[in-house]
Amino acid sequence: MDLTLVAQGLLSGLLFGGVTSLMAVGLTLIFGVMRVVNFAHGDMMVWGMYLAWMLSSRAGIDPYLGFVVCAAALFVLGLGVQRGLVDRILDAPHEMQILLMLGVALVLENAALVAFGPEPARVRSSLTLPPLWLGPLFVDVARLITFVIAIALTVLLGLFLFRTAFGRRIRAAADNPYGALVVGTDVRRVYAVAFGIGAACVGAAGALVAPILPFQPTTGLGLSVASFNIVIIGGMGSLLGAFLGGLIVSIAESLGAVFLAPSMKELVSFGLLIVILLFRPAGLFGKRAA
Amino acid sequence: MTWLGIAALGVLLALPAVVSSYVLTILIFIFFYAFLGQAWNVVGGYAGQLSVGHAAFLGVGAYASAVLAQEVGLSPWLGMFVGGALAGALGAVIGYLGFRFGLRGFYFVLLTVAFAEVCRIVVNNVEAVGGAVGFYITFTGDPRQFQFRDNRAWYYVTLVLMLAATGIVALIERRRFGVYLAAIREDESAAEALGVDTLRYKMLAMIVSSFLTGVGGTFYACYLLSLQPNAVFGIPLSVEIIIRPIVGGSGTLLGPILGSFILTPLAEVSRYYLGQGGWHGAHLIAYGVLLVAVVLFLPEGAYPRLVRLVRARKRA
Amino acid sequence: MSLLEARGLSKRFGGVRAVDHLDLALAEGDLLGLIGPNGAGKTTAFNLLSGFLAPDAGEIRLRGRSIVGLKPHRICQLGVARTFQIVRPFPRMTVLQNVEVGALARHAGTGAAVRVARAVVEQVGLGPKANAVASGLTMPERKRLELARALATEPAVLLLDEVMAGLNPTEIERMVVLLREIHAAGMSMLLIEHNMRAVMALSQRVVVLNFGSKIAEGAPAEVARHPKVVEAYLGEEYVDAAPAR
């Protein structure tokens, strides 16, 4: 096995891992706070991609700027979904919550299909720079920019959650919804904002990944499943776990593509998931057991 | 109730004589999805273990029977049981892993999804069974090969499948097995305290459910004559399988049938009409909206609601 | 030989010794009360006896046979039935179906199980509610249902975890009468109870736990005067004097 190839796999996996992490952090935030699994997560992300595509093709706004708009739009969408739908079934059994979110996912995916058609789309960034070379390894600049912005956003989100009063309230609600209720937090507002932020994460992630990943309406399902894998591997409800899990899974898949075959790279993450589910269901960085 | 059942059966038996071929095709899919929903109902409805990976069992059953028929010459009439057994074995593995390690709720959902996805990716990469191109079955129209030229034959085949599965579930429901499954769904620890070997019964439910689903794979293969790994193992198919029993009323005997009678024609008709106008995907939007509406306004499913309505009218 | 016997039973959670070298013995026909302040380890002891928790050390024998390491359902089948302090009815099933689940532990056929269930439902006074859905029951009815399900498994020993909690004095009185009847019919019972008056009225012997260890054992009247027991309950609401919750 060529060592350069492995290193290249590691590197591109890491670079792609930035958006994967951001996506998983969004999912884990929603789950941690509401104990609701956002089955529409990937489809929300696809809408982030299409919004970036529209901004770029209609208004000439580069996705590396447009991601702010996408995040804001998805924040509103997430807030609306929480207020209008999720809020009503917070106490319902798991299967009902899962079905509701499946319904939302179906609507989002097929609305994209109706609006944009089934053909793969891709957003061109105007920042087309030649690849950088790190010795024998090459670094795709688009991937590098995507990675840097995604990591910056994740760090910003972390700062918000750990350093601001409202962020602390969100985390408190995640740790103990009843406790938060007792100390007088407006839990409904915290829930709506948390769902909004979770959706905004994929709004931004979608826009950022649009220049490096061709997409179509059906892309969302795979992304949803990928984010579920990551949060379980990292540890359900653990923000750090989602962040590191995103990097780990992305690198593992990238190496899987090198060692197995590109079409089998997901096998690595599913294999990893099954092993984690069986032997450490709390995840690599999670505290709570299943 | 008995008379109503007999009358309904009579109508179903006579229907092919009067309806058009298009309606017949829709009915075939109604029965087939009702069958799959009933199979899922055993573990997902009665035992309350939400599997969203049942497409894996259908796929294993379909591939096993199709490959055996094409490569070895084994008749699908036998192959369907081989497929069922293989699917049942896969169900046993998934069930053992999930239940042994106490995976519940979302964790179990993900385990089932993960296994289905692993199957999909693996089959996509096994050239011997066609890989990503898919596996194709030669059309002979020979009933011994589980192939029929006449849609009416398919109609009766799927009707029998649906009735057989419903009969099996009815038997389970009235026995200790069924009562125990309901107890497990309602409160697993309480069931365990009352002497219910919860692991054993959940395993049995999973095996019965996956076996039946695997048997259904033979119909899928022989009726459609082509197997695409992304379709037959895909999550969308798993969603199709679970959506009908849940809309109809999961954990009830007639829920999956009612759910299929509601959803299958809706899907077919809207696919047809909306698809004609170039509105690909529009019917699935309607589907999604319906799903949301059911969760919000009819969470126990259509069948229990119907029963209560009828009872209320009788009393009035 | 004791019917149910525990020796040196111990369980820790982290650094906390929830149950510490507990010895218990219950003879055929006994009605033993298990009392102690909140957090004394009573429910943990029940979870150990019924197999919901595995002990770190110690032995549990049912008619001389070790039942340590068996799963809860197996222990139930061998004849130890328990109720839960926080009742756990099967909410969408009827009262009769709830009890039938218990009866199926002894009768494989649903016909026989339903007959047994019906008799038990009558016995605990839930007859008029037999076809009501469990989620609609009142608290006293739920407590009775919890008892009925355990009874329907036809156990050799009944472990009752606070079946009086949440009942008013009249309801407690009725429950005491019911438990006396069941005991008089030959059932051996181990009773966790917070309501002192009820325990004293029912039990032949009382074991007092504090911080996981047994601090006193004997006839109710003796135990109540025991200095260690008085000390353990100091600062606790003295349930005997206070109106029942």
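Going in written order, the chains are labelled A, B and C, and every chain counts its residues from 1.
Definition applied: a residue touches a chain if its C-beta (ideal position, glycine included) is under 8 Å from a C-beta of that chain, and two chains touch if they have at least 3 such contacts.
Since this is a predicted model, take the numbers as computed values, not measurements.
Colleague: Taking touching chains as linked, do they make an open path (line), a single closed cycle (ring), a hub with spokes (star), an all-linked set (complete), or other?
Modeller: line
Colleague: Among all chains, whose Cα centre is located farthest from the one for subunit A?
Modeller: C
Colleague: Of the chains shown, whose Cα centre falls closest to the middle of all protein Cα atoms?
Modeller: B
Colleague: Could you put a whole-Å number on the gap between the CA centroids of subunit A and subunit B?
Modeller: The answer is 31 Å.
Colleague: If you average the CA atoms of subunit A and of subunit C, how far apart do the two points sit, in angstrom?
Modeller: Subunit A and subunit C have C-alpha centres separated by 49 Å.
Colleague: Subunit B to subunit C: how many Å between their CA centres?
Modeller: It comes to 43 Å between the two C-alpha centres.
Colleague: Tell me, which residues of subunit B touch at least two other chains?
Modeller: Expected reply: no residues.
Colleague: Residues of subunit C touching 2+ other chains?
Modeller: In subunit C, nothing touches at least two other chains.
Colleague: What positions in subunit A touch 2 or more of the other chains?
Modeller: none
Colleague: For subunit B, which residues are in contact with subunit A within the complex?
Modeller: Those in contact with subunit A are residues 48, 50, 52, 97-98, 101-107, 109-111, 113-115, 117-118, 121-122, 124-125, 132, 235-236, 239, 243, 246, 250, 279-282, 284-285, 287-292, 294-296, 299.
Colleague: Which part of subunit C faces subunit B closely enough to touch in the complex?
Modeller: Against subunit B, the touching part of subunit C is residues 50, 52, 71-74, 76-77, 81-82, 84, 88-93, 97, 100-102, 104-105, 108-110, 113, 149-150, 152-153.
Colleague: For subunit B, which residues are in contact with subunit C within the complex?
Modeller: Touching subunit C from subunit B are residues 174-176, 179-180, 182-183, 186-187, 189-198.
Colleague: Subunit B touches which residues of subunit A in the complex?
Modeller: Answer in residue numbers: 37, 85, 88-89, 92, 94-96, 98-100, 102-114, 117-118, 217, 221, 225, 228-229, 232, 236, 261, 263-264, 266-267, 270-271, 273-274, 277-278, 281, 290.
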